[in-house]
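Once you scroll down, you'll see the structures, which are given as structure tokens.
In the two assemblies presented below, chain A is common to both, partnered first by chain B and then by chain C.
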Partner chain A sequence: MKNLVMKNPVMKNRALKNLVRTNEFTLAVIAIVGFGALAVATDLNLLTAGTMDAFLRFLAVPIVIGLAQMVVLVVGQMNLSVGVLTGFCAMASAWLLVEAGVPAPFAVLAALALGALVGLVNGLLVVFTRLNGFIVTLATMTILEGLRYGVNGTGTYQGYSPGLRALGGASVLGVPVVFLLAGTVAVATALFFRHSVPGRRLLASGGNPFAARLSGISNDRALVLAHTLSGLLAGVAAVIVVAAFGTVNASIGDDLLLSSFAAPIIGGVALAGGVVSVTGTVLAAFLVRLVDVTQAQFDINRRWVDLIIGAVVLGAVLLGRARDKLTGGAR
Partner chain B sequence: MRTASPQPPTASAPSAAPPGARSRVLPFWANPRLGLVIVIAALVALFSSLSPAFLDPKLTLAPLQADVSVYVVVGLAQLAVLSLGHMNMAVGRMAALSTFAMGLAYDRLGVPLLVGLAIGLAVGAAIGALAGLVIAKTGVNSFVVTLALDFGLLGLVTILYTQATDGVAFAVKPAGLAELRFDTFADYCAGELCGPRVPLVVPFALVAALGVGLLFRFARLGREILMTGANPVAAELSGIPTHRRIVAAHATSGLLAALAGFMLAANNGAFSASIGESFLLPSFLAPVLGGTLLAGGAVSVLGTVLGATLTQVIYKGLNLLQFSLEELKLYIGLVLLAALSLDRLRAVLAERRAVSSS
Partner chain C sequence: MSIVLSAEKLVKTFPGVRALDQATLTLTAGSVHALLGENGAGKSTLIKLLTGVYRPDGGRVLLAGPDGPQEVHFGSPQDAQRAGVGVVHQERNLIPAFSVAENICLQHLPRRKGLVDRARVRSEARRCLELLDVDIDPDTPVSRLSVAQMQLVEIAKALSADSKVLLLDEPTASLTGDEADRLYAIVRRLRDQGHAVVLVSHKLEEIFAVADTVTVLRDGRSVAEAEPLARHSRDQIVDLMVGRAYQEVRLPQRTVDPSAEPALVLDGVSTSAGHHDVGLTVRPGEILGLYGLVGAGRSELAKALLGLEQITAGEVRVHGKTARIRDVGDALRRHRIGYVTENRKEEGLFLDQTIARNIAVTVWRRLSRLGLVRDRAERALVADYTERLGIRLASPDQLAGQLSGGNQQKVSLAKWLAADCDILIIDEPTVGIDVRTKAAFHELIAGLAEQGMAILLISSDLPEMITLADRIAVMRDFAVAGELVNDHEYDRMSQAVIRLIHGSQEAA
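Moving on to the complex of A and B:
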């Protein structure tokens, strides 16, 4: 739709207008204005190397976890286990590092494989039981909570693999490595949905399962693939947690479930499926992080953040509705 | 307690048979409620043989009944919107805001116990109605609206408690709260005849379950809510004011959440900010275990009562056997998964039998 050949200035003008009307554009403007306002309000303290570093470092996990939720929303599913799975994978890889003495690269791979495996199980359960994905992942989330705790009880793992932690704390040209990793994952996800055949199939299946089936696409396979990818991304988030935080305990992932939904929903991903917006999800994660930093900078009660995020989620959805109505429902 | 959808059953497509027709055709063992009763009975037998303390009326059975009562009402709060095919992700926070209103009323106004309860119920119904109104007016998915509301209330409740109390809980204990917490009907005698050892909060849950059951089975309002859930377009065309029914269902959900919050506060003996934190998952567990689907249009109140009983029996039993809370979750999740898969299998088998016999 957007790849129309632009023959004359009128068409070009229309393309520009369409760009301005997108949800991503609105979010980008809000993000830039908000960031600028915060930078001025803090006397440019926000732009110092240390503050920027922390800002981006703690943005990495929200981005990846938002994408993990997004890939299942694409096929009209939900993954409630995404936060707890991140915690479980983090605990498991820390256990491998500390208790089993496994080298760091293998522990990282193990975390990714574990995440993908649990995602695969979620997907297979959804397909074979024909139960709603919400219920299946509610059950697996409860199970994973138990497993996450079972790794080391209430104990904390720390002081593992200096190499991995150094990588997690390192920066390239002032940008933290973990943020670069999250950015790479986001680009890969975007390319997957834009150019790869499996990615297009996921979108087709999510948009209209019946039409997809008639076109020879297996909806069951799409469900399994989406859940597996979601688990894999949760594994990536776990690796970032292990590398960047330096300490891991059984409470990791508790606060990720609701925010995993906030990012894609603010970013304009429909719960009904068939719509994907990596840019929107990343920008929404950025906005949420901005609210977080504002709270820290001005020493505001932590709870105001939740209040504001709630308002932003609802506001974003209502805004999208209003825009759809104005433009005649064209997406 | 299931509704019949309007379309007639077709022999060629048994999987599309409406729930009402199915319940007439299927054999009795296809009823998920029966399975729950058997599982509960088996677990009670297992736990009491492993740990005789499980049958101790004062230490185990009375608190178990009190817990079951709370989570039955929590499950019903979710059931009220599942009837529409909606979700209420803010069920715990609605309870928290309502109990804050109750605590404030007792603390500042010194109202009697039941007046405070009424105030809290009104607040719960109002916030539920607000959610319903936003959903009905904007057409935004109920999951998104109540999720946003949950975020908002999470912040609001904590801020309110910081403003009005020392930050955690109201110090006030209204008259009657202690009795509600500790007494059973065995403490009240008429001459020689004493009541059974049933905690005083149990009747609250019974009234709630009966009320919701009657609403969805006999009341016009409940039937119209179910029709709206089964097929919104058909309901609208049949002259049902679907928007108002959506608001009513969400208001009921808020009201029940407030009642559950009150009962938990009574069990804990304090109106505190932490009420409702543990409500979200059990609120889905109980109705789903009881056979209520997320698709809307059909509810099972009895199943919700049994589902809540099952989860609390497992918690209490494993707790007595010295399992930690986190380990419990592993088993609750496995039981949930097994129960749902078996239910699915049973439905498939029953359908096949129904087809081959017809």
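Moving on to the complex of A and C:
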């Protein structure tokens, strides 16, 4: 009875079958095939150190922003303000560096704290007004949009903290530091949902709020925590922007909203809540990046990229619903 | 008198249950017909078959027509309504923002040139309201009406298609005495106009005051068919409802130490849900049964104990100490009270998550070190409880949604045992569970009491109650109507319980 993990070949076989059936497996196959195809199509130019470095460097923000959206999707919420919040935090920390002359570590911490604070406010508003998170974050998004321009108008900050920018441009064994940072954040997020008590409670609350409440879990606390984490992750994305891009202006974050949804939804996270997939989200961010690079390589009109990503998101949602219907029969 | 509708040998089965087993109902014009039976006897199923909500698996329904009786098949509630069978269900079916007139004519809005003909909607509604002789302005939005007025609008709506048959399911459940009297005056008026009215009610005094004939259902069969009510006494009717053929299963006798300090005491408790002056006591090792009809306030009382409803008067004592329970976390962690819910799928389980997580959800904190839940500790705990409760699973990583009903119920029980609860509220533990698993579950619950747990058992299944409980408290209208010491003699106990429910004074 204790030996519940059976080690006979039949079970191994079934485990393999189950793995093949997962959304993550499908995504991994598509990612590998797509990456291979693009590498061949570019005469292996993609695999040169410089191109690879850029590929991964610009993958960091999409991964983190996708995770920022994922943590609220887990409790059945949405955060429309993630993109603009990233831009606002980036502008605020650049202002601290340039105008206020604050040392880089403090500016970084300030960006993180600001993100978490806005997330906390989002969460508290959702809990206390009982308004849908969609409406609340639509409102905060609009407010933040204004504030983002309020920091420095349409001006650009650059030439700040050489140390921070050097770190943003550095690589370890050919892998950009900012990508490593995004990877670390992803692993931490996965661990949080898999092993920490608050993470599991978020999942429980998102999966079945009635059962969660009757198991002694506070759904309100889950909502506040999810929004705060979402804001914190937007702050992390802002730090990556400030460090890796070297220049910051008020238009940062404008193009992040769609990709923040694209990564988790293509990655198999349920809009209704209760399901989490860090691996899926990261792989989906990788795929979106692949589409971006393809566009740049072949000089395709930017509009087509948006169209493709939009279509893939729609397809992923429909596919998820079809899968629910198929597996739902087992209940 | 002419027969308007006759249902012959209707059969309806749901997975694991035969809800109706050759039930028969005959209705004559110009009479009020009572349909009686215990919880689960098949009343609601019969009504749903007659109104096209369900389709019968066997038997037939005949409706009087111009050329004699004709067999009818209702594919939908609209079919039934069109054929002249109107119904007022127990739950409200009105659209609050629409006017009274629009609600009455909703199923067949009169049209002119493709648009709704407002003048005719109004005149049609007025005609229906006149049948009832009530004074309600057809233009008022339904949201502004009182509960009693809404009930009348529902009846007018049911009559709007020239219904010859009107089915009323517990029409007075939410009405005051005066309002109920007025409603029954209207029922008599409809009878005198030649309608056949079917009345489902658990209030026997009302039945005796207004009904002419009676059909009693028991275990899905008609044990009395369209008999004149005047021929029966109230006790005879109760006997018919309860029956004497029950095969009882005896569990080993348990002994409760009457001097032991009670684990849970409710002393004159009133709640925001509407309970008044509820007094109950449960000792360690004892099963206190809480019986009553659906809507008597039993589950709501359980929720009040968990802090989901406010306690407005009186006090709750846990192991002798006054307890102020603010939420489930409080109940669980400070007072070790667990609640196995009635709807395991909706409220008890996380169907999309693993069995392991479902069981360990109450104790993650205890299983964690440095803020992380230790997988090995979780697995050991889960293995322990799956073995103790005999939960059959392929692996603890299986999703809870993939288990059978009985095993799901065990999982939702296991999480409270894992949390070391010593007071357990178990709400309708065996609904939708097959007979053999049910017996195993009864042994399991009795075993928990044997080990010293204090159990508050809520059940609408009278045989289950008489098998398991040490004492049975009967709830009616959010108050305790009486408490009985259970001697496990089915006939005597069931009659005593049913009398308490129906408000007789002669209760044991």
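Here is the rule we go by: the second predicted complex is superposed on the first by the 312 of 331 C-alpha atoms of A that agree within 3 Å, B and C clash if a C-alpha of one lies under 4 Å from a C-alpha of the other, contacts with A are read in each partner's own complex, and residues count from 1 in each chain.
As a working rule, a contact is a pair of C-beta atoms (placed from the backbone, for glycine too) under 8 Å apart; a residue touches a chain by one contact, two chains touch by 3 or more.
Predicted model, so just to flag it, every value in this text is computed and none were measured.
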| request: Please work out whether A:Leu124 is in contact with chain B alone, chain C alone, both, or neither, and reply first, second, both or neither. | output: neither
| task | Kindly classify A:Leu214 by the partners it touches after superposition: chain B alone (first), chain C alone (second), both, or neither? | result | second
| said: Of the two partners chain B and chain C, which one touches more residues belonging to chain A? | reply: B
| Looking at the overlay, does A:Val305 come into contact with chain B only (first), chain C only (second), both, or neither? | first
| Looking at the overlay, what does A:Ala28 touch: chain B (first), chain C (second), both, or neither? | neither
| message | Quick check on the superposed pair: does A:Ser196 touch chain B, chain C, both, or neither? Answer first, second, both or neither. | response | second
| request: Quick one: classify A:Val275 as touching chain B (first), chain C (second), both or neither. | output: second
| query | Can A:Val317 be said to touch chain B (first), chain C (second), both, or neither? | reply | first
| task | Name the residues of chain A shared by its contacts with chain B and its contacts with chain C. | result | none
| In the complex, chain A residues that touch chain C | 1-2, 4-6, 191, 195-197, 200-201, 203-204, 207-208, 210-218, 274-275, 330-331
| message | Quick check: in the complex, which residue numbers of chain A touch chain B? | response | 78, 125, 129-132, 134-136, 138-150, 153, 250, 258, 261-262, 265, 271-272, 301, 303-311, 313-314, 317-318, 321
| request: Could you pull out which chain C residues touch chain A in their complex? | output: 306, 308, 327-329, 331-333, 339, 341, 345-353, 357, 361-362, 364-365, 368, 371-373, 375, 379-380, 383, 386-387, 395-396, 401-402, 415
| note | Contacts from chain B onto chain A in the complex sit at residues 87, 134, 138-141, 143-145, 147-156, 158-159, 162, 281, 284-285, 288, 293-295, 324, 326-334, 336-337, 340-341, 344
